[in-house]
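Here come two complexes built around chain A, the first alongside chain B, the second alongside chain C.
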Partner chain A sequence: MYGKRLRALSIATAISIVTAFSLAFFYAPEDADQGFVQKIFYLHVPMAIVALCGFVFGGICAIAHLRTGDRRWDIRSYVAIHMALILGIGVLLTGSIWARAAWGHWWVWDEPTLVSFLIIFLLYACYQPLRFSIEDPEKQARYASVFAITCGAFVPLNFIAVRLAQAYTHPRVLGSTGNLPGPMRLTFLVSLLAMTLLYVTLWKYEMTAKNVHAQLRSLRRKLAPDEALTPGRRSAAPSLPSR
Partner chain B sequence: MRRATAAVLRKELRLELRTPQSVPAMALFSITTFVVFHFALQRSDISGDLASGVLWVTLLLGAMLGIARLFVADREEGGFDGFLLAPVDRTSLFVAKATALLAYLIAVQIVAVPAFVLLLLGPSPSNVGALIGLLALADLGIAIVGTLVGALAIQSRARDLLVPLIALPLLIPVLICAAKGTTPLLTDGGAHAVAARWPLTIALYDLVFGLVAYAVFDYLLED
Partner chain C sequence: MFAANIHFPDHSEYVAGAYLVFLGLLLIYVAIMAYKLTRFERELVELNELADEQGGITGHAGRTGHE
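Up next, the complex of A and B:
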């Protein structure tokens, strides 16, 4: 049921990513101040926005899990946070590269958005250790949801606090889409769309994999009911109960 | 709910008074950390933002000890089971635990902050009222988040590892605002006014996490 439309979605993602990169390289004008380096903006910023939305989405799924008690919501929340974490590594790497190229240092503390992102990343890095160290699956799901909700609420607050802490900020290169010249704004929006599609596709892929895994396990059990199922490698990832 | 909260709180405080564990450990840890900072920074007195940073790092790390111990007795001696059997609102356990943690933090700071002033601080703090206000607001935030994280980590096998790993990033906004707010109070040449946005941001943090904890704490107790 998760596999539906996966092919169409994958094709759309591939096309939009190729379009976004071609626009970024051939259509968008070079930044007068930073030159070619500024092109990483079209990768870094959409990735950061999508990763943060992914964390919040994980929190929303966790609320649904606690309200309904349905384990599928927990898995959705887990996959959302898992994918956002992977994008988060990309955000920190591209941000670091950009900082090096623009300001000459691999890490700058007076760029509030990047610092907030690092704090959030460090916090969510504890999500999987927390899951891993609780054995009872039902309890694990519940505790992970509480964690996801708490951290989801933390994401906006953290941004406020870190931004306040900067006495002065670097002149914002491109603060919001409002002050972007037309071609740049178009490229940025297409990049954002491409990154969102990439996130959704990856999310669907992992959900489908988990679903297929559960179906396969229940089929195996039907074929050889007496045979003790070999317990797999212990993992922090939740799995669907096999029917 | 008020009676249940009062009962649990009385139990907590009586336990701590009869066999003092958390508070002496936290206080001793704080003073030891000041000594460590003295040698690590190679200064005999500090002031301004450095003093504010040393104070808040020490208090925050000391709080981690208390947070990690907060639910240990309930887990090991069956306190959770006893509480769940009683026909009372589960939020009362959260309120009681957070109040107990707040009391521990205040008790520790009554010892640790004067010790800091004696041992490390160069200029004498002039605006004591503002310092106490900031400490109280930050303690409230630490108590709320600490209780939530303590309850979250208690069921896991790696709770001693997880408590600081989860609580420290969650408390960074409090640390930022508290350290920024305290800096002018510990600066040479008399106290400057504290910008209103620091206490206000901590108050907003306390409010948001108070509501979040109120909403989710029940789910940490179901069994």
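Up next, the complex of A and C:
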């Protein structure tokens, strides 16, 4: 039952997002250096952190899948990566908008943070084509888990490598929350919480949808066994085992 | 006349754009979920009709003494 406590979670997410955006615009002071454009960071940075954590979460679920052989872990991993990819699109778009306002360019190729995130995004963009290219569901789940673990390990390594890079043109927010003034720090932390809640809610929505689909398939098998025997179209998305 | 007096901070169009991108992504996701929900509903109606049909057949078979 993935739909359990989904309503409470959705309400908490909506409230926290409204609170975070209200704090960003009406409470947090304008940055002395960047001015009003800095407001993008209350959206962009939490989204990037949550997306990267989502990729790592996908890797952890994939480890659980390989250890236990339980297909449910593969689906959890798939949905975690799927949701992180959606946030990743948001990160790239909002980052580009910020770069245009701050630097006058939509994209800067010699900035390690931007390029490293793009590399991670493109790496995970291969996840679904990889799944789609393998027909056997067992093999598909196993290969996808190996891919998710390898890439999941690459995410923190990449993060550390960027930290060690010399070019510090990109503003450092995560490592310097202690240096942020109180109202800015509070706004940032509330935004991070809101984005985390949004990710968890969307993950649960998707898992609930997959569960409903599996239940419907099971019901169809019981009511019309002949119909259920017809092979479905090939898909990159795994499905929950139906009873 | 009122609109002419509103003063927006510098680069506010970029900030608005970034937040609209986020909103747009959320709306696209909601639309996809709505589509999925419609599909589930259609499938449920179909299965419900199938269950009614089968209930009718077994009920009729029971009344006439057939299995």
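What we mean here is this: the second predicted complex is superposed on the first by the 220 of 243 C-alpha atoms of A that agree within 3 Å, B and C clash if a C-alpha of one lies under 4 Å from a C-alpha of the other, contacts with A are read in each partner's own complex, and residues count from 1 in each chain.
Just so it is clear, a contact is a pair of C-beta atoms (placed from the backbone, for glycine too) under 8 Å apart; a residue touches a chain by one contact, two chains touch by 3 or more.
Predicted, not measured: the structure shown is a model, and the values here were computed from it.
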item: Combined model on chain A where chain B meets chain C, clash or fit; value: fit
item: Which of chain B and chain C A:135 touches, first, second, both or neither; value: first
item: Touching partner for A:64 - first (chain B), second (chain C), both, neither; value: neither
item: Contacts of A:157 with chain B and chain C, given as first, second, both or neither; value: first
item: First (chain B), second (chain C), both or neither touched by A:53; value: neither
item: Which superposed partner A:147 touches (first chain B, second chain C, both, neither); value: first
item: First (chain B), second (chain C), both or neither touched by A:123; value: first
item: Once both complexes are placed on the shared chain, angle at chain A toward chain B and chain C, C-alpha, multiple of 10 degrees; value: 130
item: Distance of closest approach, chain C and chain B, by C-alpha atoms in Å; value: 26
item: Contact set on chain A toward chain B in their complex; value: 66, 119-120, 122-123, 126, 129-130, 133-135, 139, 142-143, 145-147, 149-151, 153-154, 157-158, 160-162, 164-165
item: For the chain B and chain A complex, residues of the former touching the latter; value: 148, 152-153, 155-159, 161-162, 165-166, 169-170, 172-173, 176-177, 180, 197-198, 201, 204-205, 208-209, 212-213, 215-216, 219-220, 222
item: Chain C-facing residues of chain A, complex; value: 21, 30, 35-37, 39-40, 43-44, 47, 86, 89-90, 93-94, 97-98, 100-101, 202, 205, 209, 212-213, 216, 219-220, 223-224
item: In the complex, chain C residues that touch chain A; value: 9-12, 14-15, 17-19, 21-22, 25, 29, 33, 36, 40, 43-44, 47, 50-51, 54
